[in-house]
Amino acid sequence: MPGLESAIAALSIAGVAVFAAAGALTASRKQMDPIGFILIAALTAFGGGTTRDVLLGVPVFWLRTPELVALAAGMALLVYFTAHLAERRFVWLLWADAAGLAIFAVLGADAALREGASPWAAILLGMITATFGGLIRDVVCDEIPLILRREIYATAAACGAAAFMALHALGVDRVAALGIGAALGFGLRGAAIIRGWSLPTYRARPGREYPEP
Amino acid sequence: MPGLESAIAALSIAGVAVFAAAGALTASRKQMDPIGFILIAALTAFGGGTTRDVLLGVPVFWLRTPELVALAAGMALLVYFTAHLAERRFVWLLWADAAGLAIFAVLGADAALREGASPWAAILLGMITATFGGLIRDVVCDEIPLILRREIYATAAACGAAAFMALHALGVDRVAALGIGAALGFGLRGAAIIRGWSLPTYRARPGREYPEP
Amino acid sequence: MPGLESAIAALSIAGVAVFAAAGALTASRKQMDPIGFILIAALTAFGGGTTRDVLLGVPVFWLRTPELVALAAGMALLVYFTAHLAERRFVWLLWADAAGLAIFAVLGADAALREGASPWAAILLGMITATFGGLIRDVVCDEIPLILRREIYATAAACGAAAFMALHALGVDRVAALGIGAALGFGLRGAAIIRGWSLPTYRARPGREYPEP
């Protein structure tokens, strides 16, 4: 199916580009140098998909695709030289992260299904593929992971992946299912950014800090 | 050996269940939403065993076992709806973590031996399998890793794995060796929780903070 | 090429030894117990190379090499018993980390080339192999990653890996290229430690903290 292959390649390129931008924006918050921008951009862009490929036991997607590495490095340098023009960098970061989250959620679920994972595992792998790039970025940069914020985050990835899988199971064309799933995930996360949408969070008592180790 | 297969499957199920509970309890301290509970529970429950499988180059254990994913998700929701009933959630978290630590230490060492790792590597892999689920949980949730606390932690995993391997080398039945190793690890960690047991820690001088980056 | 094999084995041994020492010195700052020293030393020493091997899909290098595990454990215990003799442990840590960084940068790039990765991916993999051991160490120990400091760090790894690859492409003997690349990376990082060398960092505006999650 060349149409499917092209759609997946296009989604991968888009996902790498937006996650690289989100990574570079985080690097700008940490006042890193250009090589630091490139490394953080690459870790963010490739972190989720690499985790997916390693868990599925398939070759890591960026090792033999120099264009993707060059794309991530190029986005990093673009942000290095232009980020001062942006009025509110953190908002740009949130939206770039949202786009990458939605794209990699469906790509992760799709890859898991191809490799014979169970549907439950495919949704979980979609969530992991969607969230790990940003997680690695925030852990390396010593930022509070976005996943800990109260608004919908992992839930958007789960819904996008689940929608893709439901549509696929219903016989919808795979390319359309990928697109609809990604759009749904992006819409949910976008609504959370704009309107602060959230699910009921656990509120019985906040956690106390661990006693000092 | 169906007895051995059953014993390993039972230990895996128990380990996933208690680590999922520990992960969900951490999610409750961070006031996450139900999907966040499920993601953190799954990362905790599957993190150590996944690291083990990836390092050994064998298929990841939860991808084709939908029951385990459902179990982790079910434990997460159970904790979401009942954790407010517990008087001291952090103590429950410590004990669930201790049980998972002990179980995955012997499972990790056993898997490493089967794949032809050296005995030293098998003990190290047991420690990694035991500690990585909790580490990923604490890193993602921005908590101080349990491994940094003064009481015995990694040591309990190492002793459990080493006891299993010593008994196995002495010709003891593998199922019995697994059980005794896990019981020893759990006992040691439990004693550390109750009585504050610790090995002599390095005390010459505490570390100064890194200068600000 | 026995000379090449020996050179790579020698570099691996040296890299494991210095990174194990760096990990144990970090453990001493956290006042851990001896088993904690061994675990952190092993995570630091094996973290980068393990990531490299997993990404390339080759067997993990330390599983069947008991000598390397024993070496890391021995370095950990040596530091446990002697670190109080050192006047300035953090400076020792920086230099041990610099040596490991330089060595694993060229080893990572070399391994990537052998497995058919593109040159861009090889440089990136060199950076990942060089930095991930220290990153895992700092994340587990709740320290600020060295990569966030202003002086040259990831850049030294990138330059060492790039120099190795340029020399190799020009037909220079592989062993010499490895040595020159590692020496260049170490020199750059050393100059950054001694003289505070840095590239122009992004300074338009410092990042504000994320709003509390």
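As written, the chains take the letters A, B and C, and residue 1 is the first residue of each chain.
As a convention for this text, a residue touches a chain if its C-beta (ideal position, glycine included) is under 8 Å from a C-beta of that chain, and two chains touch if they have at least 3 such contacts.
Remember, it's a predicted structure, so these values are computed and weren't measured experimentally.
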{"item": "Overall pattern in which the protein chains touch one another (line/ring/star/complete/other)", "value": "complete"}
{"item": "When subunit B is superposed on subunit C by its C-alpha atoms, the rotation angle in degrees, nearest 5", "value": "120"}
{"item": "Intercentroid distance (Cα basis), subunit C paired with subunit A, Å", "value": "27"}
{"item": "Subunit A residues counted as touching two or more neighbouring chains", "value": "30, 54, 139, 144, 148, 150, 213"}
{"item": "Residues of subunit C defined as touching subunit A within the complex", "value": "30, 54-57, 112, 115-121, 124-125, 127-128, 131, 135, 139, 144-145, 147-148, 150, 152-155, 158, 198-208, 210, 212-213"}
{"item": "Subunit A residues touching subunit C - in the complex, by the definition given at the top", "value": "26-39, 42-43, 50, 54, 59-60, 62-66, 69-70, 73, 80, 83-84, 89-90, 139-144, 148-150, 213"}
